[in-house]
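Take a look at these structures.
In the two assemblies presented below, chain A is common to both, partnered first by chain B and then by chain C.
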Partner chain A sequence: MTIKVISPGLATTVQDLGRPGYYHLGIPLSGGMDRFSLQAANLLVGNEPGAAVLEAVFMGPDLEFTQDATVAVAGAELPPKLDGEPRKTWSSFAVKKGQVLSFDFLKEGARAYIAISGGVDVPVVLGSRSTYPLGALGGHQGRALQKDDELPLGGGAGPGDGRAVPAGLQRMPGNPAELRVLPGLYWHRLTEVSGKNFFSDTWKVAPEADRIGYRFRGGRKLDFVEREQPFGAGSDPSNIVDACYPYGSIQVPGGTEPIVLHRDAVSGGGYFMLGTVISADMDLIGQLQPHMPAKFVEVDMEGALAARKERHLLLDNIAAALA
Partner chain B sequence: MKTRYTFGGDEHIFVEVDEEMSLEAFFKSLSMTSAVRDSAIKGVTEICPANASLQIKFNPDEISPEDMLAELKSLESAAESGDNTLQTRIMEVPVYYQDPWTHETLMRFRERHQDPNSSDIEYAARINDFGSVDEFIAAHSGAPWFVSMVGFVAGLPFLYQMVDRPRQIEVPKYLSPRTDTPKLTVGYGGCFSCIYSVRGAGGYQMFGVTPMPIYDPNQEIPYLQDFMCLFKPGDIVKFKPINRDAYDQAVEDVDAGKFQPLMRDVSFSLGDFGADIDGYNSKLQEVLYDN
Partner chain C sequence: MATEQILSPLPGTFYRRPAPDQPSFKEDGDTIAVGDVIGLVEVMKSFHEVTADKAGTVVKFLAENEDAIMAGNPLVEIET
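Let's look at the complex of A and B:
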C-alpha cells in the first residue's frame, strides 16, 4: 500500500487543503498553492476534493507503485508517462502494481498536482497532511520527498481510465498573468502616482518565488507619503510596527520589489502592504514560472466576491461532470 | 490611539489599533482578539493578535465582509472599557549573550550591517547610549518583556520590554536581511526583541542564544508535549544572562529530557504597572523566583 520514490523531482511535497487555526502562532495554512487544480485532480481519481496529493514544482518525480491505483495529474502541463508511455494531464489513468510513473519536461505552468486514489496517507498533524518545510512540520517527515522514501496510500484501485476535465473547465493564468488586487491595508502610505504606476506597470516574476511568497520586479519604484515614522516601526518609510500579514498580501520592502505572500506565508513582520490578491486568484500565482509577465488589476470587494463565486461554480461544474 | 479597519482581500480584516507601539495598544489588541474568540462569530477561521494590531481571517461564503466588519466594530468599545488585567505566566529564558555561534554568523554578513567594524551588540549598546556592552546586557536582561506577538515563523515570539518609552531600546534591522540565523538566536529589531525558533533568514540584530528550545514539531521535549510552540501572546519573559558552562549544562539537560523552564502563573494589571513600573516589575520577579 505504498509508492516508492525513485527520484524526488525538484521540491515535491505532500499537500492537502491546509491547516487553518494556528496562524496566530506563526504556523501557516500550507496546502496546495493551486487549490483549484488540487481539487480537480482528486475529483478525477474519485477522492474527496481535499485529499492529500503530491505537489511537484517545475519537475516531476519518478514513482513506483506497489499496488493498483488510479492517478490524475492536473495544474501545470507536466506530461505524465506510465512505464514510459505518455498519458494525458487533467485525465485519470489506471496504474498497475509494479508500474513506474514519471514525467516529461514542463510545458506550461509551474505546479502539477498528482492525485492517487485513496490519497497519500501520511499522518495528520494539527488537522492536516500538508507539508510546512520551514517548520519541519507535517507531510512526509516535515520535508520535501527524497529518493527511496516510501509513502503510504489510503488504498483502493479507484475508477481507472477515462475520466477527464473538459478544457473549458480548466483554469490557468493567461500571458501576461492578471492578478486581481483589492487595495487596502497600508495603501495610504503610497503617493497617488505610485499607486497608479503599480497597476499600470507590467511586472515579471523574479527567481525568488516559492511557497512562502512570490517576488515581482520590473515595475517603477514606489514612493511613499512623507511622515515621521511611528515609534517602534523602524526607520525605512516602508516599515510599520510589526503586524500580521494576510495571505495574498503584497509587501514592497524599500518600495522596489513587490512580494505576494502565499500558502506558507511568514505570518507577520515589519513591512507595509498595499493590498491583497483576492482569494480566487491565489491559485494562479502557484502556476507562474520565473520571468513570466504579470499585471496587477484593481478590483473592489464586489468584484472579489463575484470572482470567488465564479471559481466555486467552476469547481462545482467539474464535480458535476465527473459525478 | 485611533483604530483603523481595513480589508485584506476578501478573507481578512486587519485592525490597526495604533500606528505606534505601546503597551496600551498591545492590550487593546489582545482584548479585542479575546472578545472575538469568546463571541464565536460564525465563519471566523483565524484570530491573530499582533503588537499594536490584529487580524481576523474569515470565510466570506459564511459571513459577508460587511457583516464581519460590523461584528468586529461592535466588540471594540467593550474591549476598550475592559479592566486591563491579564491572567498569564512569567518565565525565565536563559541567554548566553555574545556566544560564538551568532558571532560567527554576524561576521559572515558584515557587509549587510550598518557598522561593519563592530558586533551587533556593540553597535546596539553604542547607539542607545550605553557606556558598555555589559550595561546594555544589564538593561536587556533587567526589566521583563511581554510576548506581544507570536509569528513570522512557527513559534517565534516578538517581545516588548516593560519599561517606559525613554528606556526602550531601539535598533534598526540589518540593511538587507541575512540568509542565515542560528536557531534560538536572541535578536532585536525596531523596539522588539525576538527569539528565532528555527534556523533561517532574518533581519534582526543578533545578541546571543538561548539553550531552551521553544518549538518542537515532533513534540519530544517534555514541556512541548502539550503543544509544539512554547509562547503565547501575553506571556511575560525575564531574560537571565548565563555563561558558557551554564549554557553547556542546559543543553545537556535538554538533550537528556531533564530541562524544565522556570515558569509561574501570574496576574498582570496594566493600571498598577503604570503607577509604579520598577516596583511592579520587582513584584513580578518575586513571583518568578518564589521570594
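Let's look at the complex of A and C:
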C-alpha cells in the first residue's frame, strides 16, 4: 500500500488544503499553492476534495506503484507518462501494481497536483497532512520527497480511466497573468503616482519566487509619502511598526520588488503592505513560472467576494460533472 | 554524426559558469560525456546543475549566461 520514489523531482511535497488555526503562532496554512487544481485532481480519482496529494513544482517525480490505483494530474501541463506511455492531464487513469509514473517536460503552468485514489496517508499533524518545509512540519518527515522514500496510500483502486475535467471548467492564469488586488491598510503610504504605476506596470515573476512568497520585478520603483518614521518602525520608508501579514498581502521592501506572501507565509513583520491579492487569484500565482509577465488589477471588496463565489461555483460544477 | 540538443529540465535563469569568477563548464568544441554538468539553473533560491543526458561534442550553446529560460528550452547543440 505504498508508492516508491524513484526520483523526487525538484521539490515535490505532500499537500492538502492546509493547517488553519495556527497562523497567530507563526505556523502558516501551507497546503496546495493552487487549491483549485488540487481539489479537481482529487475529484477525478474519487477522493474527498481535500485529500492529501503530491504537489510537483516545475519537474515531476518518478513513482513506482506497489498496488493498483487511479491517478489524476491537474494544474500545470506536466504531461504524465505511465511506463513511458503518455497520459492526459485533468483526466483520471488506472495504474497497475508495478507500473511507474513519470513526467515529460513542463509545458505550461508551474505546479502539478498528483492525486492518487485513497490519498497519500502520511500522519496528520495539527489537523493536516500538508508539508511546511521551512518549519520541518507535516507531510512526509516534514520535507520534500527524496529518492527511495516510500509513501503510504489510503488504498483503493479508485474509479479507473476516463473521468475528465472539461476544458471550460479548468482554470489557469492568462499571459500576462491578471492578479486582482484589494488595496489595503497601508495604501496611503504610496504617492498617488506610484499607486497608479503599480497597477499600470507589467511585472515579471522573479526566479526566487517560492511557497513562502512570490516576488515580482520589472515595474517602476514605488515612492512613499514623506513622513517621520514612527517609533518602532525601521528607517526605510517601506518600514512600518510591526504588523500581522495576511495571506496574499503584498509587501514591497525598499519600494522595488513586490512580494506576495503565499501558503507558507511568515505571519508578521515590519514592511508596509499596499494591498492583498484576493483569495480567488492566489491559485493562479501558484501556476506562474519565473519570468512570466503579470499585471495587478484593482478590485473592491464586492468584486473580491464575487470572484470568490465564482471560483466556488466552478469547483461545484466540476464535482457535478464528475458525480 | 547527428546533431542533437540538450534541454533544460527547469524554468529559471541559466548560468554557464559555476561562479562569476570561474570559467564556463563547457565551451564550443568541448566533448561532453553523459552526466557532465553543462550549466546551472537558478530557481526558488537554489541553483540546480543541468547534466548531459547524451554524449557528444559541443557545436554551440543556444542559451547564454543569465538568459531567462523555460522548461524544455534547448541549451546546447551537440554532435553525437
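Operating definition for what follows: the second predicted complex is superposed on the first by the 323 of 323 C-alpha atoms of A that agree within 3 Å, B and C clash if a C-alpha of one lies under 4 Å from a C-alpha of the other, contacts with A are read in each partner's own complex, and residues count from 1 in each chain.
As a convention for this text, a contact is a pair of C-beta atoms (placed from the backbone, for glycine too) under 8 Å apart; a residue touches a chain by one contact, two chains touch by 3 or more.
Since this is a predicted model, take the numbers as computed values, not measurements.
In the superposed pair of complexes, A:Pro290 makes contact with chain C only, with no contact to chain B.
By the touch criterion stated above, A:Ala243 is placed in contact with chain B alone, chain C being left untouched. Among chain B and chain C, the chain that touches a larger number of residues in chain A is B. Shared-chain residue A:Gly184: touches chain B; no touch with chain C. By the document's definition of touching, of the two partners only chain B reaches A:Ala233; chain C does not.
Of the two partner chains placed by the overlay, neither chain B nor chain C lies in contact with A:Val73. Within the superposed three-chain model, A:Ile27 lies in touch with chain B and out of touch with chain C [touch as defined at top]. By the touch criterion defined above, A:Leu261 reaches neither chain B nor chain C.
With both structures placed on the common chain, the touch criterion links A:Ala304 to chain B but leaves chain C unconnected. Of all the residues in chain A, the ones that touch chain B in their complex are 20-21, 23-27, 125, 132, 134-137, 142, 182, 184-185, 230-235, 239-244, 246-249, 266-270, 273, 275-279, 301, 304-305, 308, 312. Across the complex, chain C is touched by residues 10-11, 57-59, 105-107, 110, 207-210, 289-291 of chain A. By the touch criterion stated above, chain B contacts chain A in their complex at residues 6-12, 14, 16, 18-22, 33, 45-55, 57, 60-61, 65, 149-156, 158, 165, 168, 170, 172-173, 189-192, 197-198, 200, 215, 217, 228-229, 232-233.
Touching chain A in their complex are the following residues of chain C: 7, 9-13, 42-45, 48, 68, 70-72.
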